[in-house]
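Across the two complexes that follow, chain A remains constant while its partner is chain B and subsequently chain C.
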Partner chain A sequence: MEDLGLKIFGAILTTIMAFTVGMTYGGIVRKLTARVQNRYGPPVYQNFLDLLKLQSKKTNIAHGFMGHMAPVWIIIAAVTVLMFIPILNGNLWFPNLSFHGDLIFLLYMMVFGSLGMALGAGQTGNPNSAIGVTRGLSQMVGYEIPFVLALVALMIQFQTTSVQDLTQVQHETGVWNAFANPFAFLAALLASLGMFRYSPFDIVGAPAELASGPVSEFGGKYLGTMMSGGAVFAFIKLTLYVHLFFGGAGNPDDSGILATLAGIGILLVKTFLLYMIPVFYGWINPRYRTEQAIRYFWGWPTALGIVGVLWAVFFN
Partner chain B sequence: MENDKNSQKIVDYIGNFARKHSLFVLAYGTGCGAIEIPATMTSRYDAERFGIRGAATPRQADVLLITGYLSTKTLKRVIRVYEQMQEPKYVIGFGSCTVNGGMYYDSYNTINGLDQYIPVDVYINGCMPRPEAVISGFVKLQELIMAGKANNGEKYRENLEHYRSNQKKIIKNWKMPDYNW
Partner chain C sequence: MNIFFLLITILFSGALLVFLINKVAPKIGGIIAFATIALVSFLFFTQVDTGDTYQFTLGEIPMQFGVTPYTYIFAIIVLGLGTLASLYSIGYMQGKKRLGYYYANFILTVTGMIGIIFSQDFISFFIFWEIMTWSSYLLVIYTGHKSQNIGMKYMIFSAIGAYAMLTAIVSIKANYGTYNIADAIQNGAFNFSEHMYIPIMLLIGFTVKAALMPLHVWAPNAYSKSPMAFTSIFSGAMSKMGILGIGLVLASAYSYTDHENVNYVVALRYTLGWLGGITAVMATIYALIQTDAKKLLAYSSIAQLGYIIVGLSTGSELGVMAALFLAIVHGIFKGALFMVVGAVEKQVGTTDMTKISGLIRKMPFTFFVALVSIIALAGIPPLGGFVGKWMLYEALITESNNYFLVIVIFFSSTAAFLYSYRFLFGLFLGQEEKDTEHVKEAPITMIIPMMILAILLMVTGAFPGILFEPIAHGMHYLGFSDVNWDMSILVNVWGEESNMTYINLSIGIVFVAIFAFLTIKGYKGTKNVGTKDISTGGEIPTENENLTYQMDFFKPFERAAAPLYKRSMNKIWNDLGNALEALTDFIRKIYSGNGQTYALFVVIFLVILLLFKDTLFAN
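Moving on, here comes the complex of A and B:
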């Protein structure tokens, strides 16, 4: 029973942490973007204020069943995927379900939120939503290929599909997978540019041309719930990348308070530095068109991914 | 928002604080005033430090910023946009044209006085108002929100017949639904 209680406590703690970290990173990015543009910028906690305001709207309009379900679906998908991501390597405080999920399952589940968004946006009947959804799905077809190739390279190289085992390998050998298979790492890194949807790959939202795309008919509490789901998803992607390529965080042999806090600190540093890569790339690039974005992903990232798979097969 | 006893509870204060510091603006660029909006939002005057940012659609917006004159043709669109916004919502009339018609006061196809057609929280006068004036207008709106006195949507719903009859005087071929949810 105590074990179950600890697991539930860990799950709640994980969700709160993912939400807070995701929202704060978003706020920091807004502040940094403002500084780059020679502006003063909003406070770092601006995203929390936005969320509070959206949730305190008095009236909300929904457009049918999937319109109601889309934000719920997104947040369910986000929390479900979060449970299968190892937060700290082998830590007893955040056990969640990380031993039972593998990479193939994660690949499937990570699309689930976008699917809910696509169905909900489709039911609103707004033409901007429909264009945004088709763009989003096209872009997903673009970046999923190098991403999957990178993951397949790792799976072949280490003969496992478990995120936990991949992190453990890096902990034991002391070599990060970013160096053990640099081509797979580069392919995954370039795929992450599309995953985070900053410029030049912000073709889905595109406020100036699509009126924020799929979410254009969602306001108030619906938009707020979607924002929370997005924040959790950002944390998920960053944590997954850190555990796959940057040696993860946390010491599997020591689950004391100090070691856990140190692990969380290392995780935050690594995820933040990783998050800065798509953000930096976005600051200096204007928006691509849809076909340019897909051509980008099917060019060098896919080639690097194939080289990564060959590397894993021949130089294992 | 004030409750029926004309007072605010703690939860109202928290809600108003968030609303005050997070204003999503739908800039309805009908007239020449729209040229002041980029200057207000970009690096020189930086409205984002007050939590003011642009919203792309009426569903997500809190503030409807009417920049300049409204012709009889654009009034129809403004009403549709305004009614699609979710409460609590606020309206800022920007420039002399929204106050009394401005330089178009005797034109045959513009309206004089925006508040005959939709309720207005704050007017910013001037032709054109500079970005400082725009920001001071937003600060005034923030004060009204914090005091719970910016109840634009409520006012519109209560006096819908009055506003609707005024709107129908201008828009002769009314082919819209009774209320544009």
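Moving on, here comes the complex of A and C:
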């Protein structure tokens, strides 16, 4: 029982860490974007203030059953996926279930939250929300193709479908997968632009066009909960990419406090640098139309992904 | 009396009774139909063991009835779904005309399927196959002359399949001297060594029913124009008869093939796999542009059958298991979804998604069933659909060299999210319009079977082992030795697993925690509002403002995928039909029916004879 208690404690701790990191990154991006646009910008901790404000609202507007369920589904997806990805490679402090769910499971579980969001937005009856959802789903069909091609390339190159094993391979050989299969990496990197939904792929929220799209009818505790889920999700995507392509973080042989802290430090540096790629790309781009966005992903990223798969087949 | 005969007799007499009693007491027809099928299910699952056989001769042909572990899997689908669909029919068909005709043909279709499952020789197999085809044809044209053309298309394609199958059956008798299915397989009828056309002809017959491209064109209209209570078994169970045949042919072809011929089998598998993949993609992208919910589901059925065929074509343990698992689960969720559409049709009067929206508050139970089924259809954890999809992907990635087929399948199932959302949004979400204010929840006899199916989907997600057990037995019969399965853990050949227990636990715990948090927190301050109480970009909409968004739902996607929409198999078949018609028109010019023309032909013939008499009759 003591073991189980420790695991639950660890799970809660992991969630809190993911939440904090995700929120802080969001705040940093807001600040940086403001500076690039020659504004002063909000403080880095502004997201926390926003969340506090939203959660302490006295009245909340509920839009029926699915509207009530949408934030629940987002949190379910975020926390469950978080439990099934390795935070630090082999570290004993972070209990994870990554041996009990592999990449295919993660791919599908990550959609769970989006579907809940889509259904909740649908029930509000706001046409902008529904339009945003159709755009989001269409764009997903776009970027999932290169992303899955990249994942398939990695899976067949290293004969494993587990994230943990893919990290371990990089730890053992010392070669990052970004270099072991550069084409798959590029395909996944381009796909990540769509995943993070910064410009030119911000067609779902589309400020000044859809009035923030799917979330437009949510407020108070609902919006606050969604925000928290979104923050955890940002951390999840970044961590997944770091573990898949950038050698992961953490030393599986050493779970001491110092090594763990060093591992977290490395994870933060890597994730932050990775996060800056879609953000930088977004600063210099206007917004695509939906079909342009889809076509973009079916073009070069998909071609690179196919080369990645061939690379994995022939140079294996 | 032998149990197999007893079951078939019960079904036939039930059909006859329902037809006759309709004149006297039309109201109890549905109850009799339900009682008949329920009784047969009860007797089957309590009295029949796999391996039981019964031999008899008809004319001088030895026939054999029995149940193999493999066909037992399909008996579960047919009898389970058949019972629930007949219960559902009672509510759905209430107030409709020609009930005797409907219920008699309903029972006959089930009889046909059960007969196919029992048949262990090709003759009875073919007879029951035709009973199934004809009775389902009569139900396709149930709505009258408007569906005549649709029924004709279905009949033509079924006939193509039936003739192909008959040719194969006769050839098997001629070459291997037996009608018995097991004997024919053991004598190597499917092994590609000498009579390659036999398995191919059989596969053509089966793929028509399984709606595989290019023989699928009958399916979208036939599925959507039949009464929905019937479509739930038409798509859910009857298409699986095609899968039954394909699985049998493929597995036997592989198990009984010499190493020299193995390349043919592999080529056949690749062809089928890619056909399945292309079917899945094309059906999916056509599903997402439909505005009629029935047609959307019809196309989605074709796509799902594509996955199943892909799974069978891998020939690996995990792949075939995935295919059979998907076959059962598809029966459950597609049966449920067609029932949902039927309930909407019954209560609202139309299934056109551009005309209705916002039914969630009026039909909450129906919505719940639709939601659960759609989650299973989309393959999202933790329901049964995910289990099947997971195994299919893992099989393709780990055990086949068909890496690009994975991408094709993945494209199709990601695009499936689009029509899944379209379905739920189109019928249940969105603006609540005044036209649908009067709508009420469907009657209890329709809700119960739907709910049972929804619960089954949850159970198969948490404990897929319930279905793995019969599937493993069936696969053992097909020649797979040592089929591994576990109650709640899915494992691929590389040793990676998905543990449904952990997944369900994680989802369950978080669900309870967050749901409680959101509900309890500020409970008194939470105000429930309708769909008119919204702000569109800062403005409050007026009372009569039209805010329904249903037309051109995925227009951007359509634009992006425009090249894919250019090809249409339907057009190719129509062109072929027109070409045939032109040919017959031309022949009609020769055989004009005019005496003078024929006289002219005679004269011309004589002239030719005279002119060439030296060369023709030289000796």
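Structure notes:
FYI, the second predicted complex is superposed on the first by the 316 of 316 C-alpha atoms of A that agree within 3 Å, B and C clash if a C-alpha of one lies under 4 Å from a C-alpha of the other, contacts with A are read in each partner's own complex, and residues count from 1 in each chain.
By definition in this document, a contact is a pair of C-beta atoms (placed from the backbone, for glycine too) under 8 Å apart; a residue touches a chain by one contact, two chains touch by 3 or more.
Computed from a prediction, not measured in an experiment: that's the story for all the values here.
In the superposition on chain A, no contact is made by A:270 with either chain B or chain C. Within the superposed three-chain model, A:243 lies out of touch with both chain B and chain C [touch as defined at top]. By the touch criterion stated above, A:46 is placed in contact with chain B alone, chain C being left untouched.
Residue contacts after overlaying the shared chain place A:313 against chain C, while chain B stays out of touching range. Of the two partner chains, chain B is the only one touched by A:37; chain C is not. In the superposed model, C is the one of chain B and chain C that contacts more residues of chain A. When the two complexes are overlaid on their common chain A, residue A:61 makes contact with chain B and with chain C alike. When the two structures are aligned on the shared chain, A:197 is found in touch with neither chain B nor chain C.
By the touch criterion defined above, A:102 reaches chain C but does not reach chain B.
Looking at the shared chain after the overlay, A:211 reaches both chain B and chain C.
Judged by the document's definition of touching, chain A residues 57-61, 128, 211, 216-217, 220 lie at the interface with chain B and also at the interface with chain C.
Those residues of chain B whose C-beta lies close enough to touch chain A in the complex are 1, 14-15, 17-19, 21-22, 42-43, 46, 48-49, 51, 53-54, 56-62, 84-88, 153, 181. Residues of chain C touching chain A in their complex: 358, 360-361, 364, 371, 375, 378-381, 386, 389-390, 393-394, 397-398, 403-404, 406-407, 410-411, 414-415, 417-418, 420-421, 424-425, 429-432, 492, 494, 496-499, 502-503, 506-507, 510-511, 514-515, 517-519, 521-522, 525-538, 547-549, 553-554, 556-557, 559-561. For chain A in complex with chain B, the residues that touch the partner chain are 30, 34, 37-42, 46, 49-50, 52-53, 56-61, 128, 207, 210-212, 215-220, 223. Taken together, the chain A residues at the contact with chain C in this complex read 55, 57-66, 68-69, 71-72, 75-76, 79-80, 83-84, 97, 99-102, 104-105, 108-109, 111-112, 115, 118-119, 122-128, 130-131, 133-135, 137-138, 140-142, 144-145, 148-149, 152, 155-156, 159-162, 165, 211, 216-217, 220-222, 225, 289-291, 294-295, 298, 306, 309, 313.
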